[in-house]
Amino acid sequence: MAPAETVLTQGAGLKKPEDLTLLHEVAEATAGVSHLEMCIQCGTCGGSCPSAADMDHTPRMLFALLRAGLREEVLRSNTPWICVSCYHCVVRCPQEVHIADVMYTLKSMAIKAKLYRDETAPDFSASFVDFVENYGRSFELGLATRFYLKHAPLRLPGMSGMGIGMLTRKRMNMTPTKIKGLDQLKSILNKAKTLELSS
Amino acid sequence: MSDKPEKPRVGVYVCHCGSNISGVVDVEGVRDWAQEHLAKDGVVISRDYKFMCSSLGQELIEKDIKELGLERVVVAACSPHLHEKTFRTASERAGLNPYLTELVSIREQVSWVHTDKAVATEKSKSLVAGTVERVVYNTALEKLKVPINPNTLVVGGGIAGIQAALEIANGGFHVYLVEREPSIGGHMAQFDKTFPTLDCSACILTPRMVEAGYHPNITLLTWSEVMSVSGYVGNFNVTIKKKARFVNEELCTGCGICVEKCPQQVVDEIYEAGIGHRKVVYTPFAQAVPKYPVIDAPNCTFFKNGKCKACEKFCPTNAIDFAQQDEYLNVEVGNIILATGYDLFDARRVTNYGYGRLPDVFTSLEFERMCNASGPTNGEITLRDGKTKPKTVGVIHCVGSRDKNFNNYCSSICCMQSLKFAHLVKERTGADVYEFYIDMRTPMKSYDEFYQRVLDEGTLFVRGKVAEVTNAARAEHEKGKLIIQVEDTLIGKQRRIPVDMVVLSIGMEPRADSKQTGQLFGISCSADGWYLERHPKLDPVSTMTEGVFIAGCASGPKDIPASVSQGAAAAARVLDKILQKEVELEPIRASVNEAKCSGCRICNNLCPFNAISFIDDLAITRINPALCQGCGTCVAACPAGAINGTGFSNEQIFAQIDGILTLAPARSAGVGL
Amino acid sequence: MNKYIFYPGCSMEGSARAYYDSLKVIEGPLGLELEEVNDWNCCGATEYLSINLIPAYSLIARNLALAAQQNTETKTVMAPCSACYLNLEKADYYMAERPALGEKVNEALAAGGLHYTPGSLEIRHLVDVIINDIGLETVKAKVVRPLTGLRIAPYLGCMVPRPDYQKRWSDHEHPSELDDLMKALGAEVIDFPLKTACCGGHMTQIGPETAYELIRRLVSGAEEFKADIMVTVCPMCQMNLDAYQSETNRYFGTNFHMPIVFFTQLMAVAFGINPKEAGFGLELTSAKDALAHIGLEAPTPAAAPHKKAEGLPMPKALPKKYGGE
Amino acid sequence: MSEKFEPVIVGFTCNWCSYRAADAAGTARIKYEPNVRLIRLMCSGRLDPTFVMKALAGGADGVLITGCHPGDCHYIEQNYKALRRFMLLRRTLKGFGVEPERIKLVWASAAEGMKLAHEIDAFVDEVRKLGPLNWPKWENESNPAEVLEVTA
Amino acid sequence: MSDKPKFAMYWAASCGGCEISVLNIGEKILDVDANFDIAFWPVAMDAKYHDVEALEDGAILLTLWNGGIRTDENEHLAHLLRRKSKILVAFGSCATEGCVPGLANLSPVSEIFDVAFHTVSTDNPNNIHPVASFEVPEGTLTLPTLRPVLKTLAQVVDVDYYMPGCPPEPHQIAAVIDLVIQVLQGKAQLPPKGSYIGCGASTVCDECPRERNVKHITAFKRIQDVAPLDPNLCILEQGVPCNGPATRSGCNSRCPRVGAQCIGCYGPAEGVLDYGARLITAFASVVDAKEPAEIDAILDGIPDPTGQFYRFNLADSLLRASTKAWKR
């Protein structure tokens, strides 16, 4: 069905065509079967969310925005970045919408469209992934130092006690562990990235 | 395969159904193709028409039968379940045996489900060809007439069953009303007030119960269950177990002394919904019909360790009879109405609402009992401690309903019941009431007005499905309360509302044993477990099984007015059958060719209707045509090919397979032959 | 002997060392035989999924492919870390649910000479394995130092009982498995309403204020319910509640002290293993006082007096999913 | 075989459940693959394995058998007999080189129009993957096989 | 030559048992000689194909043809004898339904040759493989070539009567010969063309003396695994897959009478389109299980259902051959 050429009134008389393919696009890019189109706007997700207070839109509202095709507003929302992946909304949703996976999709779409407002979270993910791609394992100390130096240098002094505590208790390794099949992993990930681009 | 009969003259009629069919299928193309390519199978005329089922369309066929001497008719139109009867009757009017006319569904199976015109047309041609080839082998059949027994069985003594029984009994025919609890009345007897009028439930129900209890045409069988059903429409044979009451009904006066003297008290899980107690010898409630109590043997001290007998000691008429046994009754009835009602959703399954873990979370039925003046709190609304009055109450809608994790359907009464609760809480305690809803559904007469009344009373409405009810306080003002966490979707914010009491408006579910009951009576359930109607709109109280009707919540959630209407509607259908005095049975039946039967007895255990019997002297098998239901399982089973089934004979099906494959592309797969 | 393919995950080598150490010392008593996935890699935690879909699932699937081809008698992978458990389960489930994804992931795996057929492995969590395969009776039989008198707040966090694609857990919100396990050790287990609430996950890194609030709710909840100690099954939960507790206190001006340890640590202690070997001492919020409870040979407190039924009766609990009715 | 292969599938339905499911799919305008041609029987218990063989020999690439859910049979339990026959039939057809996937048994109640449509789509897809069956009509059989070769 | 009517009998793809069976009719064989001239009967007397070719069309009154059509030679002879005969009888299981040689329709010809000439059980030290034609100094030697599948006689030429059985029972052969002689003498009429003769219309159970009950089968077993077999009870009821219920009567239930299960040599009952399908449906109908796993376990007791149900009838079944035999 071709999307109807409707327009949505925005601001003072500003009119912009609705992007009615957005919902479908998000559903397609999500790992499982998202059931996104089934949302009945009941608010179970927003009610369940432990971090809803810090979100600019509740997940329910985000889905309404998706349905209305407001691409920029959706991708600029901080909601996916505040999502803590607790899956409370997922198991309670009466329509079986895979909300948490949709959040992952929205994050990666926001990164690709460079539409996130605060780069802390994307950078954290990127740094984490960087270590994983280069060693095959995560590296907490490296991640922490690199990340805090860039994003929260002021937090560092306060954190040092904890960091030292972790180090002295040998709960943080000084050097990263490298897996043996790193080349294999890299070829897999490279191939996967090509496939991601082509899909 | 037996030889093809002499080529009969076939007429083919293709319906446009307005544009329902012709919008997707090239109707003229199908018509011409049939005329040209099926002439070899005997097609002498092929026509199309805008609406075949209209009287003009039917007359067209009738005229052809008479003028062209048609011996077989094939109508390509809608599903046979809709219009097979129409066209067969039309043929009959023109002097053609109705069973020589067949319908091809090119609407439900083609035009409505496909979009590509060329492909849909090809498929229609195949289906028409199949039926043309088949119909050549159809034979003239006559319906079997059997008398109808005028007695009726009504299963379930709730309001729907009571209504159905009274209507039939008042019409002058006998009814056996079977109820498994000790009293009739059903769920309605548990309620305090009924929405939207706020009539006292007992006040409007009791007169009906009494009327049913004393009606000369009603045999009331409470504390009874149907064990087996055999036979068919007009002639069912039903075995009913009358469970031992341990009270002699002839002697009992219903004085209640035994109940008073019984020292043993248990939680009443049924009538009091688990929040009240009853004695071990009991009538579920004061207005019970019949008035005789029953002894709950598994909990009775005497049955457990042979001591007590307090009831027996005090009974003034010696009506207590510990030796009573279950009784089995055999009754013959012509029709059956199932009004078996519903179960309530088990709120413990929604663990995030805390029912069963957090004491002051109640279910709607618990709340009904609490509001009821004869209930465990004498009508006082209190917390689980039985004393404290709540200052704030939250009513949560749709618990277990409209939720794919539980029941996907709307419970239909829960909005109104929740509004009623808000009103009752206000009226009796003055507490603040929050209603948490997804959508407010108040569509029937005077229902929306009631919603407005509750709004006017100051009830606080929050639009949002509650996420959780918790006792984990985050702030000082939440401590010691139940916190209802919800997104208020109208403001897009999460709210935490501390309350003293939570009422869960739980939904309706099919009876836990509905599937077994359905099997007992030969009817089926929909995917969610409710009994399936013959047609959801046009035949809502009939089932696919002739002579078995359904009423009330057995087929889905309903309010009281709808249940009563259905009870009356089912009764009207039964009265209609009874007054016809006899019933025509479909002539789709199996019969044994005794010369070919080897007596191998392969088929002997296949018939659930006991139509197949083995004749020892002759060492052959025979089929009783009145008992045969025409399923054809024995026909398909006979290793000697000695059983034939009318209407669906091997020849008919073989020809139909050939026909529908006429157009199968002859592809080359490189066969090296 | 119960044999499993073992996917430890990165945390077990670092921040959750106590989990790893204590698991190693109870393996013997429980009759667990764990064979580590050869050359496993990080599962990507919750981070990789935010960047790229197919690479994220390929990263996880490499582990599944390796585990599936490992020459063992079992096809069950046991993952003790919640995030790892969920990611492995998720990859297995979604590869089947969305065949298009499964095919792409396998195309990527093929670049490394690997392949994984969804459904060929069973992904299970350590608690599930202990409860359902080894059984509480075996656990009880190994207890030599019952945890009598220790009030425990059982805490599972999110990703073990949810979304639970294979329906292995008794409930999403209030699963009873960990409670039962702790009761089997002789501890007093509180009905902790927050047992599957969120610890904040990676928000401690990227949005600390959000995380501190979530940590506060949990720690204050456990204190409110008078727990001596919290017991968890998840490295991330342990890390957030343990290591960030003092920061949370600083942020809110509170003074909570609620130790949190892995359930395996308490199992080890109950089995008579000394606390050091069980990984005690590695926590930042000291569990010393809580341990003292068990060290003390305190008399068993009288069971709560059986109150005469007053008021309205409560509904019975739902039958449990496992271990019969 | 350059054009897309569209399998021809013969379906057998029971009058009470699956035929009504097909009606329900129609009424709800649920679209599905047009490859299946349905033949109505009173019950899946009427299904004679001969029907399946006749369909295959007559050019069908697959056969769909549908009936009421176990326990829901209009005739009490005849669908169990259909199930048993179906299972033995598939085993037997395997000996003829017919892939078991070409014969499918689906339970669909009168309410399950959607399910039936999905099952039909899935089945058509599966048979499409298997390719044509093309049972020979055994008409043009006069060419001797070229199997007698010199190998000694 | 006398003016007695001519008789012929031919042996195509079959074991030869049918010919023996004709001899087993004992003295009755003398009636044949008394009433017929033997025009062509390779197993009994020397005759050349060109002698037959020289006859006028329709010169032979009665031809009993046994064997299926497997080679081009078989096919040639079938056409020839059809032309020369007034009455052509498909005699025995091979001719009517393909019989055991028809089971080869499950395999491609190449595989049949491999098994026959190159498997370990074959004594073929020089690894000889037959070829259709071979040059020798004296000229070209030829062998008949094989068709991809075996066909029944009726699949190649028009057949007047069918006489099932592997082989047909001597008493039935004698009865048929009697009938033909009576017809010759004007004392009887021939049955309608296409009839099955020398057999009954029902199935083996009709003649079986064993006691039969309502059947509930919980396991299928091989007959040697049922010890001891109840001598009076239906063999199928004892779990042994006995093909009697679906097999045409006429043999006087020869096998079940002596404690062996019927294996189906008389083929399907009158009017049945596919013999194996009747057994599938019959056996499945009396399996006493509802769960797929249980049913599977019971059906495992029939390890080769295709062989069990089509031992004699494969070439005459609806499907006639496996895909392996004809699909490339």
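Order as written gives the chain letters A, B, C, D and E; numbering starts at 1 within each chain.
Here is the rule we use: a residue touches a chain if its C-beta (ideal position, glycine included) is under 8 Å from a C-beta of that chain, and two chains touch if they have at least 3 such contacts.
On a predicted model such as this, the values are computed, not experimentally measured, just so you know.
**Q** Starting at chain A, how many touching-chain steps does it take at least to reach chain E?
**A** Minimum step count, chain A to chain E: 2.
**Q** Go through the assembly and pull out the chains touching chain A as well as chain D.
**A** B
**Q** Leaving out chain B but moving nothing else, do the remaining chains stay as one piece, and if not, how do they split?
**A** A, C | D, E
**Q** Measuring between Cα centroids, what's the chain most distant from chain C?
**A** Chain centre farthest from chain C's centre: E.
**Q** Between B-C and A-B, flag the pair that has more C-beta pairs in contact.
**A** By number of C-beta pairs in contact, A-B is the larger.
**Q** Centre to centre, by mean C-alpha position, how many angstrom separate chain B and chain D?
**A** Computed value for the inter-centroid distance: 31 Å.
**Q** Please report how many Å separate the Cα centroid of chain C from that of chain D, as a whole number.
**A** Result: the chain centres lie 48 Å from each other.
**Q** Roughly how far is chain B from chain E, going centre to centre by Cα mean, in whole Å?
**A** Distance between chain centres: 56 Å.
**Q** Which residues does chain B have that touch at least 2 chains other than itself?
**A** 352, 468, 606, 633, 636-637, 650, 654, 669, 671-673 - these are the residues of chain B that touch more than one other chain.
**Q** Spell out, as numbers or ranges, the residues of chain C touching 2 or more other chains.
**A** 172-173, 197, 217
**Q** What positions in chain E touch 2 or more of the other chains?
**A** In chain E, the residues touching two or more other chains are 148-149, 273, 278, 281, 285, 326-327.
**Q** Go through the chains and record each pair that touches.
**A** A-B, A-C, B-C, B-D, B-E, D-E
**Q** Of all residues in chain E, which touch chain B in the complex?
**A** Going by the criterion above, the answer is residues 148-149, 201-206, 212-216, 234, 236, 244-246, 249, 268-273, 278-279, 281-282, 285-286, 326-328.
**Q** Could you please specify the touching residues of chain B with respect to chain A in the complex?
**A** The touching residues are 352, 398, 402-405, 438, 463-468, 485-489, 492-494.
**Q** Across the complex, what residues on chain B touch chain E?
**A** Per the stated touch rule, the residues are 1-2, 595-606, 614, 619, 633, 636-642, 650, 654, 669-673.
**Q** Please output the residues of chain A touching chain C within their complex, sorted ascending.
**A** Residues 29-33, 50-51, 53-54, 80-82, 84-88, 90-92, 100-101, 104-105, 107-108, 111, 120-122, 124-126, 128-129, 132, 136-138, 140, 144, 147, 151, 155, 158-159, 161-162, 165-166, 169-173, 177, 179-181, 184-185, 187-193, 195-196, 199.
**Q** Show which residues of chain B lie in contact with chain D when the two form their complex.
**A** Interface residues on the chain B side: 79-82, 105, 107-110, 112-116, 119-120, 123, 126-127, 130, 515, 518-519, 522, 524-527, 532, 544-545, 588, 606, 608-609, 629-633, 635-637, 645, 647-648, 650, 653-654, 656-658, 660-661, 664-669, 671-673.
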